[in-house]
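Inspection log for the structure reproduced underneath, given as structure tokens.
We call the chains A, B, C, D, E and F, going by the order they appear; numbering starts again at 1 in every chain.
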Amino acid sequence: MAALHLINHQHAMTDCLAVAAADDAILLLEDGVYAGAVGVAPQRPLHALAADVHARGLDGRIAAQVVVVSDAQFVELVTGHVPIVTWR
Amino acid sequence: MAALHLINHQHAMTDCLAVAAADDAILLLEDGVYAGAVGVAPQRPLHALAADVHARGLDGRIAAQVVVVSDAQFVELVTGHVPIVTWR
Amino acid sequence: METKRLLFLLRQPPYGSSHALEALESALVAGVFDQRVSVLFSGDGVWQLLAGQDGPAIQRRSIAKIVRALPQYDVTALYACAEALATRGLGAGDLSLPVAIVTRDEQRALLAEQDAVVND
Amino acid sequence: METKRLLFLLRQPPYGSSHALEALESALVAGVFDQRVSVLFSGDGVWQLLAGQDGPAIQRRSIAKIVRALPQYDVTALYACAEALATRGLGAGDLSLPVAIVTRDEQRALLAEQDAVVND
Amino acid sequence: MNIAIAVHGAPYSSQAALSALRFCRAAVAAGHQVARVFFYHDGVHTASAISVPPQDEPSPLADWVELADAAGIELAVCIAAALKRGIVNGDEQDRYDLTASNVHPAFAIVGLGQLIEAIGSSDRFVTFAA
Amino acid sequence: MNIAIAVHGAPYSSQAALSALRFCRAAVAAGHQVARVFFYHDGVHTASAISVPPQDEPSPLADWVELADAAGIELAVCIAAALKRGIVNGDEQDRYDLTASNVHPAFAIVGLGQLIEAIGSSDRFVTFAA
């Protein structure tokens, strides 16, 4: 099963991308969602947590390759991947 | 009087250098001292706090442009500069 | 107590930690205390200025509201780093209140005239 | 309790915070608990491996000592990121104990075979 | 599915405890089991019974206690991380001759082994970092 | 020279309090005055009277109390930052009906205005960040 990577600080993105497999999922949460902004986000599929995107005023500023997900979908990402890797 | 910049995390170096004046002093302390290592340190005069250099095993790994200073010399840097700017 | 030139250097994003909130609260108090206060938003601190924030969505007070309160506390010298805004795709129209957008050279001059700097 | 493949991913420098210390302590316990434990030092975490540390100079326990205790707790699968070492000018001879120096591809494979990852 | 959770950040100082709380609620709502939330690093401050939330902000403590009670979640605090941060229960107050204790009774003070045990007996392990 | 100090990091979790302590000692030894150390952000945890240092490690609390006493330094803790982090004195325990208080008596609980006042009445202001 593929891994799920959690990024809660933008600066951890580079190190995460260096070892994430192509079919691993990456979820941006907390301050990590800034890494999903238009012009900043890397060119690969990403997820971003809706509450954190909305709280920061980033609705409408998230890049096209980023899927904004609910808390319930966060749980589905966790149950659908192994291991869960937190980057900070 | 010139400013003294305190850097206690390596990642803050870039932003500090972008606004520090040529005659400002920069002191690396705590995890900031890693930014004074050979091959990593920027080409400008820097200071690094001796206790932090030594604790991390960096004696002998500090770049030539970095002056390693004691706690007493840290105090002299503070009294000799205004303002003191902390970057984190 | 003398009147000092006091700069708040705000470089942290608004919600992931309490750094932004608590630094802003100290800036509000400095305004009341009749100091010559400036605030410079730079690095990820410019995200504090973005319009449309909704802190309560993550059980937090909206930082944008506190930022907008600064002028009411006589903190009117508000600056934002031009490069920090540009790298994040932000322009003056995206911000929740008017600030002076300053170059690195202008920030260097601003720092040089301070008596003290408070960071977040 | 099942035996799990458990990786400790250590990316923080040794002394500026307690992250490194507390993560290492949990790795020692995992060794005692008979899990299949690996430890990967990457990013600034490779500084934890540097020889010649003297934590007591800043009133801290030496992190290098705790790292060297890992094999005694049956934690013997120790890895360090080759790129992280190289960018910091570190080679195998600079480290306080022998570790397997692994490429990004090898780290990707190591991650893929884990049941759980603990971070610092 | 059984999901074990670790929280590494303090309330207010970090968003970790809030994110973990929302995740746990969603996991429980989806029919999953969260047997134990392990508070480690600065996360141990979540267990303080004597913190006073700012006006107009909900109490993260009350939210944790309510969720744990409703969903049968064990709230576990690492003893080593807690002691040095001044998070102590009555037993430790007596043992170390301290002037007070401050752990909320809904939180259990446990050893680090309980973190490894939680990981070993669950299907997923998710860390909310500081 | 008069030097005001701010500490933003918690003991153990950050090196800030240790660095500030060493700096204050050196400043006092050089004949300077440190009128007030202001503990803000996570720095407020420095005032906890009920933390238990790990074995073989010195107590940062005892070091602060000793230095403050010897050099006439006021140890000031920001009330707003402290309350939400569970750092409270007897007055606040009564006011908020809490089960305990945990501030060491050598620390004064003060308003944020005291930070501004300390900066305004000193020649230098140095912050030890988290």
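The criterion applied here is as follows: a contact is a pair of C-beta atoms (placed from the backbone, for glycine too) under 8 Å apart; a residue touches a chain by one contact, two chains touch by 3 or more.
The shown structure was predicted, so the numbers you read here are calculated from the model rather than taken from an experiment.
Q: I need the common contact partners of subunit B and subunit E, sorted by label.
A: Touching subunit B as well as subunit E, we find C, D, F.
Q: What is the touch distance from subunit A to subunit C, in steps?
A: So the least number of steps between the two chains is 1.
Q: How would the subunit E/subunit F interface be labelled, same or different, where same requires over half of its residue numbers to be shared?
A: Both copies touch with mostly the same residues.
Q: If you average the Cα atoms per chain, which one ends up farthest from subunit D?
A: Following the centroid criterion, the farthest chain would be C.
Q: Farthest chain from subunit E, going by mean C-alpha coordinates, please.
A: For subunit E, the chain whose C-alpha mean is farthest off is B.
Q: With chain centres defined as C-alpha means, what is the inter-centre distance between subunit D and subunit E in Å?
A: 25
Q: Report the inter-chain centroid distance for subunit C and subunit E in whole angstrom, where each centroid is the mean of the CA atoms.
A: 33
Q: Round to the nearest whole Å and give the separation of the Cα centres of subunit A and subunit B.
A: Here the centre of subunit B sits 35 Å away from the centre of subunit A.
Q: Show the residues in subunit E shared as contacts by 2 or more other chains, in ascending order.
A: Within subunit E, the residues that touch at least two other chains are 12-13, 15, 41, 54, 80, 124-125, 127, 129-130.
Q: Which positions in subunit D are in touch with at least two other chains?
A: Where subunit D meets two or more other chains at a single residue, that happens at 15-16, 18, 58, 60, 115-117, 119.
Q: Do you know which subunit B residues sit against two or more other chains?
A: 8, 30-31, 51-52, 82-84, 86-88
Q: Based on the touch definition given at the start, go ahead and assign the chain network to line, ring, star, complete or other.
A: If you draw each chain as a dot and join those that touch, the picture is no line, ring, star or complete graph.
Q: If I apply the definition of touch given earlier, which pairs of chains qualify?
A: A-C, A-D, A-E, B-C, B-D, B-F, C-E, C-F, D-E, D-F, E-F
Q: Show which residues of subunit C lie in contact with subunit F when the two form their complex.
A: 1-4, 6, 18-19, 22, 25-26, 29-30, 32-33, 35, 115-119
Q: For subunit A, which residues are in contact with subunit E within the complex?
A: Against subunit E, the touching part of subunit A is residues 6, 8, 29-31, 49, 51-52, 70-72, 74-76, 78-79, 82-84, 86-88.
Q: Considering the complex alone, what residue numbers of subunit E touch subunit A?
A: Residues 1, 3, 15-16, 19, 22-23, 25-27, 29-30, 32, 123-130.
Q: Quick one: which bits of subunit F touch subunit C in the complex? Just the residue numbers, please.
A: 6, 40-41, 80-81, 111-113, 115-117, 119-121, 124-125, 127, 129-130
Q: Contact residues on subunit D for subunit F in the complex?
A: Touch residues, subunit D against subunit F: 15-18, 58-61.
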